[in-house]
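Just dropping this structure here.
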Amino acid sequence: MAAVKFNAERCKGCELCVSVCPKQIVKMSEKFNSKGHRFATVTEQEKCLGCAFCARICPDVVIEIYK
Amino acid sequence: MAAVKFNAERCKGCELCVSVCPKQIVKMSEKFNSKGHRFATVTEQEKCLGCAFCARICPDVVIEIYK
Amino acid sequence: MAERLMMKGNEAIAEGAIQAGCRFFFGYPITPQNEIPEYMSRRMPEVGGTFIQAESEISAINMVYGAAGAGARAMTSSSSPGISLKLEGISYLAGAELPAVIVNVCRGGPGLGGLTPSQSDYFQATKGGGHGDYRMIVLAPASVQEILDLMYEAFVLADKYRNPVMVLADGLLGQMMEPVTLKEFQDLKIPAKPWATTGVGENERIRVINSLSLQGEGLELINQRLQQKYQTMDQQEVRYEEDGTAEADLIVVAYGTSARVAKSALDKARLQGRKIGLLRPITLWPFPTARLRELAEQGKKFLVIEMSAGQMIEDVRLAVEVTGVRANLFAKLNGAIPSVNEVYQAIMTTADKGEI
Amino acid sequence: MAERLMMKGNEAIAEGAIQAGCRFFFGYPITPQNEIPEYMSRRMPEVGGTFIQAESEISAINMVYGAAGAGARAMTSSSSPGISLKLEGISYLAGAELPAVIVNVCRGGPGLGGLTPSQSDYFQATKGGGHGDYRMIVLAPASVQEILDLMYEAFVLADKYRNPVMVLADGLLGQMMEPVTLKEFQDLKIPAKPWATTGVGENERIRVINSLSLQGEGLELINQRLQQKYQTMDQQEVRYEEDGTAEADLIVVAYGTSARVAKSALDKARLQGRKIGLLRPITLWPFPTARLRELAEQGKKFLVIEMSAGQMIEDVRLAVEVTGVRANLFAKLNGAIPSVNEVYQAIMTTADKGEI
Amino acid sequence: MSLEAILAGFGGQGVMLMGQILAYAGMCEDKHVTWFPAYGPEMRGGTANCSVVISKIPVGSPVISEPDLLVAMNRPSLEKFEKTVKPGGILCYNSSLIEIKPERNDLKVFAIPANQIATELGNSRVGNMVVMGAILELTQVVKLETVLKTLQKAFAGKKQNLIPVNQAALEAGMKLVQGK
Amino acid sequence: MSLEAILAGFGGQGVMLMGQILAYAGMCEDKHVTWFPAYGPEMRGGTANCSVVISKIPVGSPVISEPDLLVAMNRPSLEKFEKTVKPGGILCYNSSLIEIKPERNDLKVFAIPANQIATELGNSRVGNMVVMGAILELTQVVKLETVLKTLQKAFAGKKQNLIPVNQAALEAGMKLVQGK
Amino acid sequence: MERVFGKPAGLQEQEFHYCPGCTHGIIHRLVAESIDELEVRKRTVGIAPVGCSVTAYNYFNCDVQQAAHGRAPAVATGIKRVLPENIVFTYQGDGDLASIGIAEIIHAANRGEKITVIFVNNAVYGMTGGQMAPTTLLGQKTTTSPFGRDAESMGYPIKVVELLNTLTAPVFLARVSVHDPKQIVKAKAAIKKAFSAQVVEKGFALVEVLSTCPTNWGMAPVEAMKWVENQMIPQFPLGILRDFEEVAR
Amino acid sequence: MERVFGKPAGLQEQEFHYCPGCTHGIIHRLVAESIDELEVRKRTVGIAPVGCSVTAYNYFNCDVQQAAHGRAPAVATGIKRVLPENIVFTYQGDGDLASIGIAEIIHAANRGEKITVIFVNNAVYGMTGGQMAPTTLLGQKTTTSPFGRDAESMGYPIKVVELLNTLTAPVFLARVSVHDPKQIVKAKAAIKKAFSAQVVEKGFALVEVLSTCPTNWGMAPVEAMKWVENQMIPQFPLGILRDFEEVAR
């Protein structure tokens, strides 16, 4: 059972994480962070495999994985 | 029948020509040219094959071959 | 009249060169002058010219050397750190007496410094940053239109004297946009260059482009000839702009960007009834020494405005101090552009107290 | 007393550096300073130091940057064209405030020039040939013994101010042999360098060697700090030698080789009853401006002897002209060393006519 | 009528283009104009701003310390430049992105929901033209027609099709502040 | 006794070493000395010369325009420097290589068959020491012993064995000019 | 639950200034992870280039020197010769390393300097606005090759790893990519190996990392990753060309 | 009898200033012969390097530019771009081309500049007095490697031709020697071919010529020739690595 945590303020909205999530549970929010970027979030935590694909490909160290 | 001509004033006495003459007819003179170098000369012209080994290896374009 | 259009200073540098018949550009990217190579890479093919992005500034200046030696109007451009790398090559151009144009869109230093506009390469440009006793004509435009015009001048002077010419701008002039009028694309009479190495062809004697002289005396003769040439330049090529110097009590001396700021500031000071004049050197070398001394002899005060720790001030002092007059300095260090207000304050203080 | 031996100036540069605790030499061959790297390549292994023949002057100065940033006493040496190539690196050293010693065994320019001794890199050394507002202390020895002594000084000053220091010699000083006395090989207390990048270890904060400042204000602050440092140097580090200046009517100003020639010449002039003094700047930057002005105020005449078209003359004029005194120049252009006779003539004429 | 304006936002919001069009229009009306850009340290998507001077006399310094007009398209820009505006000057800010309110009360302040209006007009990227419209209306520094002519030039060729929506944005912006 | 000498020849004739040994000996006798080399444009085997100053007072310029003594080991050197010698000065030339005669008659001229004597001594390379001997005898600028000590230093180690022949050359040179 | 993935200690808190989706950030993290895992952070000195990563000293959590454009390998040489016990690495872009700095990298590699070089190949000059790099692909449009790189006048993309592979001294030479998680894992392994070459005092190690520049390529980050896979890799084949362990065996 | 061998028209009357037995002279002659035989003297522009051959403009009987140390390929680029119809060649030593000038040669080669490069490898810096060159052999003593070149701190001799052979653009790359008459004939053929590459407008051509420096090697000229044969050739194998005609076939 795994958890993925996004630090919205660091996110730049590049959507790379979205593109690699095998479960397609990473989605972009409608809101903007203070830097003006739409940020990534995870929907349906429970589906997360903790594969860390999103975390590995995130260029901005936004994502933490817990197990 | 060939003839080899040395321009003594250009010669720097490196003796490379002497080292390559198949007929060993190229010799260093006892005299010095005005630059102070002992210069190469050919003894026994008649033996010259005109192979131009001496001329080819001479770094200072001292040697002319005639045929 | 040809149509007016808005141009960036950097684009004007590039287009101006093309208008002047430059068909060979060799450069390497560096902020704040990237629009120059970028413009050239688009424009040169249109006019049958050549653009090469060299592997380095050093390579670029040496490509210029080869092209100039082959008789072409050639140029390179860079910014401060890149110009430092070109100095050996510039010294070679001067030593071999090759005409070429080098543009320095100056930025803040030392070292990697910053991207903000600066005037701290004045010494490097005017006293010869490279080795040996050489001089370059150094042109310092203060507007986008003047950039366009001086680029043409630069190539003409380079050919006239067979000498490198530097155009010294800064990041502000390079980045700002102003309206300009392009002269019609006239084709120019580029002087014949019998000395150029284009292959001996039917000529008697081969031609050699060279700056080496292994016998000492030879080198002394070369340097005598060079020094005579530099004297001629000094006598014939001084350029400057004056504004209200005749009636002024205080003469502000500034070039390029700081002359623009100074202009706004002294207009303000004039509104306060002060008699302020502006002398803007357009050639930084040769320097308007004679004119400044003339003004000094009339007993005027002087204030130099520079975006550096104070470099041109030395040439102003060399011009005026023999007359017993001292020159004041308002120096804005690398990193920021002086505000109209601080320059205004400096002018008012000098005008009233006689010094800062 | 330690034994006396004959040494070439270039060898003294190398041995002097080793005596000063320099253990890292990075250089590239160029005449007339080749004995320096050659000596180092033999000597460094003996003292557990490192000698690297870099692939170029540029690489060498950047190796010096890395080594200095890592806390070592490091140096490079070259001659005029090679120094031009190092100017970007020197500007970086100044910007990053790294202590290092650069030796220029000056030769004739511009361009490839020639191998004869010269003093035409004075501007480059003192006004900052590289980009930006930086200064280096520039030491100008006039004998082989003084070379030995000043090399030690150079490293001490570099560390004291965290600033590059240049030793400016010429081919004559580099090639000539004179007797010298080596100080005993004392081990020296090289100051601690907490700023050096040696790995954070247990430190709280990481250390950064850097000359970049992307925010303008930041760069302005850096330049303010640098300018303050340069002022301190200017106040504290001026060095010069005087000979008979007190009673003299005419002061000859010359450094390095031309000071040697001047000395022979003025001895001759003194035999003719002329009152001649010699002021020999040992630091070319900071320049002995205050002392020269003092002498000028005493109404002395001045004659500058240079192996260049006239470069130091500007600093002399900046020093004396405010007092209404003018300075004369005897300039020997690149290519030859002035003969004692021609300098003697120049001295006599100036002494008698007041000008050349 | 002359003007010293600072237009600021983050990259991609089109503040630079806005400034260029304004200056260009000024030129077409035979005024002296300058445009000068400034970028933040970020590579891209960082803050960017430009200074535009439109004047009857030749322009000295193109760098503005006390603007008559400030356009702030994002929060950092507002925070950075608000204090610099001339007393009595104009401040337009993009209320779709900036949730805070300007602090100064000695300015003519206009909240312009640029992104929102743009999205309504069906092209999220024309927010800059909405603000531009407001500026024209508020300063009268150049005529709308001149700006439209300029757009023709700017969007000549492939971008032709973008002209109508930009024009709509301009007009929407003008309407928004009319009579205010 | 002080001296300004120019020693000239082509590379390989050992004029540089000759000069260094002379200067070194001068130092050992607590004189002020300088040695300064000059090379022709040729890579090697070209002309080379050095100036040596030995003096009681500190030496100003190490470069000599009017030598008291000229040693010319080959013809180009004689032709180049003969005119520079101080009137009344000394000129030693290597008569084994130089077939022409010096032109000046205001000098003390000595023809020294250096190569010939050297070859006789069984080492063609000690011609320089033959001339050196002559100089010592003619100028008395430094003592023979001092020079011999210097040779000990110069040839310490591997070259030890060369000392006797060099000494012989020195003495031969001295003898040659004795009482002349 | 415990954290199994997150910011390595080798990185400072500071957020990157890189553009959205720029893979400089990924490469930074891989370097930092390697430094952590080899436990050498305290004795590591990095060299920042001139390029978008010029401010790497704000990100790497170790001592850093900022070097002149292209000269990082010379600076690294100076540092390593003074501090042979330290781990010294340079982080350089393709303009920095393959254009202005090609002499410095070749000679540092040829001397076998015991340093690690992270070579970020993104086929353009990023910082200065997307000009042509020596690694720009044929036909690729950049701000200084507006009509596409043309072999006739601009030459061909330079294969740095293959070039260096003609030298004797280097002990580790590899080319990797970070365009997807699988490749990122491989890239990490290569980078770690390149650092370990110093830990075991082997010699010169270089890893070329294919990287994106969405901004100057004018692509969305995801699209840029595809471009690396489909356009760059065919031109710059991935793989380990030299490996000191292979040699050892 | 008619003259069958002597000074080519491509050489001026001026005698060389090179040391006795220095093979620079042979190479000069081969270049001049090639220029004669291809009948291109009138449209040839040579570039003299900084090195012993700095005064090549006193010897070659064609227009010549003297270039800054190492920059001859950049200068050649400038000339050739202005004068595409001309034959442009550089003549460079190993210090000039392989040390300070390695960036310029690599990038000129990579751009495929249509120039001919004569690269004289004599394993030392001649003009400056025999310092170590990038091509100095391991163990070879020079004035800056007094104890012999030591791979650990000075690296290995660089094989320039092999290095350039990793690039796409060059059309002719060869290494030859002039240590005996047979080799001289082969060297001549290669040099002539390298010039002909320009005549037929192919592209970048370089010939590395193994050469002697008797003076700085401290050897008699004849001995030096043997040293080339026995010491240098094993390290720098002779041969034609790339040939546009081969490719053509």
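Labels for the chains are A, B, C, D, E, F, G and H, by order of writing; each one numbers its residues from 1.
Keep this in mind: a contact is a pair of C-beta atoms (placed from the backbone, for glycine too) under 8 Å apart; a residue touches a chain by one contact, two chains touch by 3 or more.
None of the values given here were measured: they were computed from a predicted structure.
Asker: What is the chain whose Cα centre is as far as it gets from that of subunit H?
Answerer: E
Asker: Looking at B-H and D-G, which pair shares more C-beta contacts?
Answerer: Here the pair linked by more C-beta pairs in contact is D-G.
Asker: For subunit D and subunit F, let me know how many angstrom lie between their CA-based centres, rounded off.
Answerer: Centre separation, subunit D to subunit F: 35 Å.
Asker: Report the inter-chain centroid distance for subunit A and subunit H in whole angstrom, where each centroid is the mean of the CA atoms.
Answerer: Result: the chain centres lie 59 Å from each other.
Asker: Between subunit F and subunit H, what is the separation of their C-alpha centroids in Å?
Answerer: 41
Asker: Enumerate the residues of subunit C that touch no fewer than two other chains.
Answerer: Each of 50, 52, 55-56, 58, 81, 88, 92, 96, 111-112, 210-212, 214-215 in subunit C touches at least two other chains.
Asker: In subunit G, what residues contact two or more other chains?
Answerer: 18-20, 22, 54-55, 66, 68, 99-100, 102-103, 106-107, 111, 127, 134, 153-154
Asker: If I count partner chains per residue in subunit E, which residues reach a count of at least 2?
Answerer: In subunit E, the residues touching two or more other chains are 41, 45.
Asker: Residue numbers of subunit A touching subunit G in their complex, please.
Answerer: 2-3, 10, 12-16, 18-20, 37, 50-53, 55-61, 63-67
Asker: Spell out the part of subunit H that touches subunit C in their complex, as residue ranges.
Answerer: Touch residues, subunit H against subunit C: 12, 41-45, 47-48, 54-55, 57, 60-68, 71, 74-83, 86-87, 103-104, 106-107, 111.
Asker: Quick check: in the complex, which residue numbers of subunit C touch subunit H?
Answerer: For this pair, the touching residues of subunit C are 24, 26, 50, 52, 54-56, 58-60, 62-72, 74, 88-89, 92, 96, 197-202, 206-212, 214.
Asker: For a test of understanding, state which residues of subunit D touch subunit F in their complex under the given definition.
Answerer: Counting only subunit D, the residues touching subunit F are 4, 6, 172, 175-179, 257, 260-265, 267, 337, 339-341.
Asker: Within their complex, state which residues of subunit A touch subunit E.
Answerer: Touch list, subunit A to subunit E: 12, 32, 34-37.
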